[in-house]
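Structures are listed in the sections that come next.
Next come two complexes built around subunit A: one with subunit B, the other with subunit C.
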Partner chain A sequence: MSFIEFILGVAALVSGIAVISFRNPLYSAFALVANLLTIAGLYALLNAHFLAVTQVVVYAGAIMVLVLFVLMLLNLKTEQGKQPGLAQLATAVVGGIVLIVTALPPVLSRFQGLSSHQLADNVRASEGTVQAIGQELYSHYTVQFELSSLVLLIGIVGAVMLAKRKQPQLGPRQGGLLKGE
Partner chain B sequence: MSSMMTYLALSMVLFIIGALGVCLRRNAIVLFMCVEMMLNAVNLAFVAFSKLHGNLDGQIAVFFVMVIAAAESAIGLAIILSVFRSVASVETTDAAELKW
Partner chain C sequence: MIELFILLVKVFLVMNIALVLGSLCTWIERKGSALIQDRVGANRAGAFIESDKWFVKPALPFVRMMGWLGVINTLLCDSVKGLWKEDFVPEGASKFLHAAAPIIAVLPIMLAFAVLPLAPDFTLFGYYIHPRVAPIDAGLLFVLAMGSVAVYGVAIAGWTGNNKFSLLGSLRAAAQMISYELPMGLVFVALIVVYGSLDVYTIVERQGDLLWGFIPKWGVVMQPVSFVVLLLAGMAETKRGPFDLPEAESELAAGYFTEYSGMKFLLFWLGEFCEIALFALLLALLFFGGWHIPWVKLPEGVWWAALVGHVVLMTKVVFFCLLQIVIRWTLPRFRYDQLMNLGWKMLLPVSLVNLAVTAIIKVLV
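After this line comes the complex of A and B, so read on.
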């Protein structure tokens, strides 16, 4: 395990914990951007160059910009009301620990001593360059690739339909806020 | 400690942090971000296995997950917007009209 891997892994954990612990959703969003960028760095270390770039452009770029736009459009304040109760917190933490304790040892024992860096023969074959990914995508996954474009089209149309739908006005707050979009 | 183990452990812990976030937070947009984080944790495991096995199938799977996540984020945020229009809040506890 290299030094850079260690730094990126720790950064991913810290920013992941930051996402769920900030009270202000805007800070959570920025912590998530940091988390996605560290994961992009890990992709690059795993020879997945195309995915690293896609992660930065699509996830940290497009999707997070969409989230930030919605956050700023809604102009949310910091989460009001009571904190999650002690019982809820304890249940969640105990549940998480139980999940780790039960799931981690089998996984770890299965891959004990199996280092991805030792498989030198395979390294060339799994180099995720744009060319390699493109060739694989268009020779073995053509149908799925075309279907995914259909999914994106349906996503666009559905988002526009949902966002444009006229709703009866209920509260005083949303009248001027969302009319102009 | 081998590299593969590190990546799998990191992926699992990130997934569990995301799951904890879904359990603990009430803001729908934060829930959405936690789901994105869980998707990314799984993607990391996919890429690590892709390198371990020396083929690109895992990376192709990650590519499709990213496509679906992009569509999902557009739809999900539109749904959150329309919930906000009808209940003037994105807290999950406020959208409780069907709760008995």
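After this line comes the complex of A and C, so read on.
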């Protein structure tokens, strides 16, 4: 493990904890951005350049900007003195355990018997270049890839439809402003 | 060890090239805008400097000339003034975020320079040198990614301003930057289709060939529509020119940086000017052959050829900086709905059709 990997790993952990410990939702959002960026850095160190850049473009660059703006516009105040109830705590603990139990074994079994060094070398050798990923996407996983793009398209059309439905009443030109009200 | 040294030298040089281009743009902006508006412009600071010291005397004519041209005013006086100004933080704003915003606005722009090559490869003292800090294969995507990270600087700046003008300005800026990233990404895809590579270096190298034996295979010849789209999208992305709605002073005071003063304010400007240089560099590399001179083939791998190539590239970059600044000072500002219409109803469909046509031609030929 190189020095930079160590720093990025620590930063990822610290920012991850910060996401759930800040009282101000906006700071949590910033911590999440930092977390996504550090993980992108870890991807880059594992030679998965494409994954790293995509992480920055999609998560840090697009999704989190929208989240941030919603938070800014709502102007939420810092939660004060509000302790999470027992039910909430129990749900969080059980949910976390379920996630770990279901998600970790398949990942671990894939890399069983490998030290962390070997693991990192394996990941590095598996080539995260654009070419390698493109080759995989368009040869082995063509149908799944095209299907997921179709699902995304449906999502976009749906969002536009939902936004359009209310326009006749709310459009600025039909509203009082331009009719001299 | 020597590798690390070469890397550090590269980082130093690229940073400085970015900063020098940025300051050059500042000077062109001040003096050029004066020229366009039939004013004199900055011409006092240092223009009448006197000294009897023997070691200053020989340089005096040069210093006076620089003063008269406004160079001293823009580069020295402005920054010293910025350093000594009161550092104002609005009431109720987070001090940390207020200070972080200008840094977040500048840093991604500087990082984007890391993936762009500034000269052809060459060998010096037996060492093979690739004049680029981070030779990653997804270089163009990285530039896009940094553009989207730069939105944070603006967004945070607007929010910590703690007033409506700032927030409106940052909302406009974010919407504008995200909207214009789409046609920009599509332009990059069209270029990747034409040159068959994601790597900026390879794209530039392939522009050295000739089309049908006599036309240089420059991006502007192969993709004229993409060039126009990228020029417009780049100018919108820098939040300048006819697209400076986020800081429209007649409507929003100064938009997202209304509450900024001193060096923090200057940092936003530095970021903006470096972004102009970044887009000029992108246009020169992707559409105007980078370091290639049409019909001239420089020897490969020789240091002086790389130097000539670098000078050629920088000439093109300065030309595009100049072009962007001239457009900024000649055209009136768009209305906000016009800006959004241009982005979503003009540039996006045009770049989509352009991409489809490019792909069909690529398959047929």
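Here is the rule we go by: the second predicted complex is superposed on the first by the 114 of 181 C-alpha atoms of A that agree within 3 Å, B and C clash if a C-alpha of one lies under 4 Å from a C-alpha of the other, contacts with A are read in each partner's own complex, and residues count from 1 in each chain.
Rule of thumb we're sticking to: a contact is a pair of C-beta atoms (placed from the backbone, for glycine too) under 8 Å apart; a residue touches a chain by one contact, two chains touch by 3 or more.
Keep in mind that what you see is a predicted model, and the values were worked out from it rather than measured.
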Quiz item: For A:Val143, is the partner it touches subunit B (first), subunit C (second), both, or none of the two (neither)?
Solution: neither
Exercise. Using the superposition on chain A described above, determine whether A:Met72 touches subunit B (first), subunit C (second), both, or neither.
Key: second
Exercise. Tell me which partner A:Val53 touches in the superposition: subunit B (first), subunit C (second), both or neither.
Key: second
Quiz item: After superposition on the shared chain, which partner residues are touched by A:Gly61: those of subunit B (first), subunit C (second), both, or neither?
Solution: second
Self-check item: subunit B versus subunit C as contact partner of A:Val130, first or second or both or neither
Solution: second
Practice problem: Have a look at where A:Ser28 lands relative to subunit B and subunit C in the superposition and call it first, second, both or neither. | Solution: first
Practice problem: Give the label of whichever partner, subunit B or subunit C, reaches more residues of subunit A. | Solution: B
Self-check item: Touching both subunit C and subunit B, counted on subunit A across the two superposed complexes
Solution: 50, 54, 62, 73
Quiz item: Which part of subunit A faces subunit C closely enough to touch in the complex?
Solution: 26, 30, 33, 37, 44, 49-50, 53-54, 56-57, 60-62, 65, 68-69, 72-73, 129-131
Self-check item: Interface residues, subunit A side, partner subunit B - complex
Solution: 1, 5, 9, 12-13, 16-17, 19-20, 25, 28-29, 32, 35-36, 39, 42-43, 46-48, 50-51, 54-55, 58-59, 62-63, 66-67, 70-71, 73-74, 76, 79, 81, 84, 88-89, 91-93, 95-96, 99-100, 103-104, 107-108, 111-117, 119, 121-123, 125-126, 128, 132-133, 136-137, 140-141, 144, 148, 151-152, 154-156, 158-160, 162-163, 165, 167, 170-171, 173-174, 178
Quiz item: In the complex formed with subunit A, which residues of subunit B make contact?
Solution: 1-10, 12-14, 16-21, 23-27, 29-30, 32-34, 36-37, 40, 43-44, 47-48, 50-57, 59-60, 62-64, 66-75, 77-82, 84-88, 90-91, 93
Exercise. Would you pull the subunit C residues touching subunit A in the complex into a rising list?
Key: 97, 136-138, 141-142, 144-149, 151-152, 155-156, 158-159, 167, 171, 174, 178, 198
